[in-house]
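Structures incoming, each one as structure tokens.
Two complexes are shown next, each including chain A; its partner changes from chain B in the first to chain C in the second.
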Partner chain A sequence: MAEPSDGLRPRFLLWLSVRFMTLLLQNLVNGLLLGGLYVCIAIGFSLIWGVLNIINLLHGSIIVLGSYIAYYAFTMFGISPFLAPLFVIPMMFAFGYGLQLAVLNRVVDKPVLITLTLTFGLDLILNNFMLAAFTANFRRVVFKDPFETLDLYGVIIPVDRVVAMALALVLTLAFYLLLNSSRIGRAIVAVRNDRDAAVLMGVNVKQIYAVTFGVGAAFAGAAGCLLSVVFPISPMSSGLYLGKAFVICVLGGLGSIGGALIGGLALGVIESMGVMLAGPEHSVLTGFLVLLAVLAIKPTGLAGKRGYE
Partner chain B sequence: MLASLAASFPARPLPRIGVGVLIAVALGLLIALPLGLDNYYMRLATTVLMYCVLAWSWNFIGGFVGYPSFGIAAFFGFGAYAGAILLSAKIIPFWLSPILAAAGCFAVAVVIGMPILRLRGHYFAVASLGLGEVFRELAMSWTALTGGGMGINLPPMRPAFGTEAQTFYYAMLILALVTLGTTIVVARSRLGVAFRCIRQNEEAANMIGIDATRSKIIAFAFSAALPGAAGAIYASWVGYIDPSDVFDILNSVKAPVMVLLGGTGTIFGPAIGALIYLVFEEFVTHHLLQFHAGMLGIIIVALVLFMPHGLLETLRRRKQGQA
Partner chain C sequence: MTKMTRLLLAATLGAAWVALQQPALAQIKIGAPLPLTGALAPEGLKQREGYDLWAEEVNKAGGIKVGNARQKVEFVYYDYQSGTPRAVQLTEKLISEDKVNFIFAPFGSGATKATSNVSEKYKIPNISSTGSSEQVYDQGFKYLFGTLNSNAVVSKALIAYLKGAAPTVKKVAIYSRNDLFPLALATSLDEAAKANGYTIVYFEKYPLNAADHSAALSDLRARGADWIYVTGYTDDLIRIRKQMVDLKVTAPVVTMLAGPAYPDFVDGLGDVANGVTSVTWWHPELRFKSSDIFANTENYVKLFQAKYNKLPDYAQASSSAAGIVLQMAIEKAGSIDPEKVRDVLASTEFDTFYGPIKFGPTGQNVTADNPIFQIQDKKIVITAPEGVKRGTLQLLK
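This part shows the complex of A and B:
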């Protein structure tokens, strides 16, 4: 009975630490995969906020609308949700462009309370329409032959999520190219940096506002297509997506793609770690506490700048 | 638009006797009202009073100080839960529950106000909006205390005199009068001046010796304590509360919408807005169950786009334009 534990304890500790590292790595991977989608949720929201100085409370509902279009394209015509952005982007662009031109341009210079109340009212209308049309039941995209999962030394990687994240990053890259290499993109950036100077340079600001809102809505819709593969779809989810977009913008800073990228990935990782430590029912709370902590240290967000108050 | 909100609160010279008679008649009508109403209209009257409390309370932080707060739902719900928990433990009488709820909300608002009142504009608006979501999440998950998603059933009340409906009507009436009184007192005090200075230019206010942080926290705490008391009365009134009911995000939006409806710039604007809103709501809920929230959205959009000065002011201007 001498010391059987002498041989066992180190081996047990080794086993424990390997298990722990695997768990940690698994949560990191989960977080990054989630974070890629979060980036896509946030870029449109960040663009509209940065350029128009409007918090678009419709954002969550537009994402959900994108999810529904992808869902019905899949169940009715068998089109893969990964291809749905091809037609959802133009549809949502037209929707956003029209909405800004007809409605939001009328209040774009008004105080925060007014623009917030207006987009809240618009969100009530859109969300209620979806609730009436699609009901509150959660729907799910179920593939006939499901995607596989990879197993890398105990870390499980679901392939569908990898594809979704890769597409999200491709969309982000496209967004970057649009802003930096196209004429219209340069005009958007010009309006964001200095509206009055942009007017003097011959930019039609109302037009650019409408294009900006259209682009923001288009990317929200595209994010919705990708999310439809990963999360169940319901009009009730819109508030959740909206909250995430806001937290990401504050974490990463406003109006810049790099900021949304960092904020999105960070929130994904923070949430998965929070889920590991505190349980999944507290993921909203974790996000909000992180947000409060960041704001308490830096009231305009981590990379935020003054002037958009 | 908001600039005119509190600016016209200072006393306008009015014939004193006329005002006294008017107030006495109005009070008499409000006190005598339950005698002539059946249960359905009693419920409506109590709801109008509750909405008045919410609108006037929002006015402290949203109107006077000019911070776009969407935090009413958080404190309404907090007060409702505080009252419900205390009452169902049977350790306090009914009349004490709104007072304790208000005190609790005041304290919580002071603590939370310190970090979030450093934010401005959109950041403050969304942080205050998120507050309600966090409170709801807490009420959902702290099952031992709050019953979680099951909610809380309150013990039935045995009113000392009159009917139950009358008791809640008078409780809400007293609270509405307290809120109105606080509004008038604050509007005419040094604090009211400080609030208005902060709205116009916070840096300048700091410069002339106003403690902006302290003033903002006081305004935020007023905007929290009074809805908290309303929440506690509401909890006893409806007899059952759950997180999605009392932390409903719509409550946060209703308050500013009512103030905008009634027109900013008068003491009684919010009350008129509350009345108009209730008429809309009753009409809408009774006829459009499927599209209730959407109809509210349409009203909000129409209000913001076509009547940014409130319903009454817009009608008055139109009349003047024709004449």
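This part shows the complex of A and C:
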């Protein structure tokens, strides 16, 4: 196929142009806004992986389910998707908690391949259920009064993305406080650090597993609410979100909130800059190349702790 | 063996037994692998609607006239779950196991091209209702036909129209999905635009499964184009259009292909859809008289609405038209022999409710005159060609 050539300004000329700095700044802003959402996508996935050693393939579908709940709450009752986490979090917690107690706890001590297969199967069920219930058509939250876009010296900032990113970071902070200052949070950390010692200290491990999976699912649902404002909703997006969560966890490192935070923001910025430097065609490739480089230099990820690789 | 599988087995055997009790009717069997689940499900369902309406009308009239007898039509559908390799396997199965007489191709250019190898091998006519890329038909195949005319014709029609309707437009930015059909559309527009003195200031491809386009759109915005041309499928275009508005990326003309012709586009976007221009292959407001069972476009639309309670778009109409040309070819050949039907398909000009259809040397429909439209106030308003025009193009800036 013919490549476009004449009439196209070569990419290096763009580098020299005055508009380059604005474009650079714009891409940085785009990347950070996207990265904030990525953090929210990855945090629950990272928690479940770190504590339960389960690679939760159900994660993407739970995010999409959260989006649908937010979408229907908005279209049927007029509730803003930004408020939807208030009820989606308890719903998804109950869903995750029940799933872990009833199903996953039976195989949680088995090799990772068993739990991987189980969550894969559960994902097929949930995803096809959503396909049947909601169809594959894309749905979008359409506000009556659309959010403004700010124009700061040529750098365009969409306000809905800023709000979504801010809420994502607030949720992350809430999660940090939960882990570090609540009794149950300390118990989760204790189980993660040394399961046998935690049992000896009187921690009910099965219970903590269920709580952890519930919290992970709750975060996925909350991420879904925020994403519903930015991206159209379809069951087909679940694989996309799952893939991002996986890359972010490996990039940032497992076992800490800092890992998901750094990994998410980094991936957002890398993809955004990748588009500018290598063209949109190669932006995903750029993300994976950086991931490979990080793994080669620092196998635990950017902010990972030893023992969780 | 679990209880469930035993039950299933019993049910299958029961169904097979009932099937065997039916007297063997001489039916014309058409095999159609369709994407009934997965990403392309909305498109697959539309194809089936088009086929079913045609089959129902034909069978109501007693069937297709083959010589002095009439033979009813029967479709054998399989769901290929939106995965092209599965569509190829199912085409093979349809021909070798189900012994279908004809194949109607799966959705889109990519899957059509993939299955055309199989039908060619068995010398079974394969009619595509949704594959429009020239690259599907350039394989020298004799048994592959397509009712949609080519991307090059579409691009030329669009350029010719904009030269008159928006003479100030000079700089074009192209943003294309990196996929056979969308990229073929983009490349053909790139060629046609250059040949007509336009400057291409941006031409980039985005990967399949791209969710975020903000970085690419920021770059595009900096190029100062006065015509933004985006290709992809409905879901891509909804995402991109939304993000264009978020990032204030606009131009006097914003064209998107191929999705705005579907109601899903406006449903998914609301007001934000306004102003987008596009080209389509067919529209319910066209008026053609024909010698087929539908008699004219108006009657087709009426029958469609009565059956499905909605308006058809080009995907359904083109699918019904695939049935129509097959029927006309069988009637003219007086036989369902694949080779004889193939020869009539290749040599005849068909007058259909969809418009005239004439398969060129490659097997693709060569008739032109695609409707061009703009979304105004959340409605499709046809702006060209003259005969079916309902409004004029509004520049966006």
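The rule we apply is simple: the second predicted complex is superposed on the first by the 270 of 309 C-alpha atoms of A that agree within 3 Å, B and C clash if a C-alpha of one lies under 4 Å from a C-alpha of the other, contacts with A are read in each partner's own complex, and residues count from 1 in each chain.
As a convention for this text, a residue touches a chain if its C-beta (ideal position, glycine included) is under 8 Å from a C-beta of that chain, and two chains touch if they have at least 3 such contacts.
Nothing here was measured: the structure is a model prediction, and the numbers come from that model.
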Chain B versus chain C as contact partner of A:Pro158, first or second or both or neither: second
First (chain B), second (chain C), both or neither touched by A:Met91: neither
Touching partner for A:Ile114 - first (chain B), second (chain C), both, neither: first
Partner chain(s) touched by A:Ala296 [first = chain B, second = chain C, both, neither]: first
Partner chain in contact with A:Phe129 - chain B first, chain C second, else both or neither: first
Contacts of A:Trp49 with chain B and chain C, given as first, second, both or neither: first
Partner chain(s) touched by A:Arg139 [first = chain B, second = chain C, both, neither]: second
Shared chain A surface residues [contacts with chain B and with chain C]: 128, 131, 239, 281, 284
Of chain B, residues touching chain A in the complex: 1-2, 62, 68, 70, 115-116, 118-123, 125-127, 130, 133-134, 137-138, 140-141, 249, 253, 256-257, 260, 290-294, 296-301, 303-305, 308
Chain A residues within the chain C interface of the complex: 1-2, 4, 6-9, 14, 19, 22-23, 26-27, 30-31, 33-34, 128, 131, 135-140, 142, 146, 149, 151, 156, 158, 160-161, 231-232, 234, 236-237, 239-240, 271-276, 279-281, 283-284
For the chain C and chain A complex, residues of the former touching the latter: 37-39, 41-42, 174-175, 178, 183-184, 187, 190-191, 194, 199-207, 209-216, 218-219, 221-223, 234-235, 238-239, 242, 245-248, 264, 268-272
Of chain A, residues touching chain B in the complex: 49, 53, 55, 103, 106-107, 110-114, 116-118, 120-125, 127-129, 131-132, 239, 243, 246, 250, 281-282, 284-285, 288, 291-292, 295-296, 299-301, 308-309
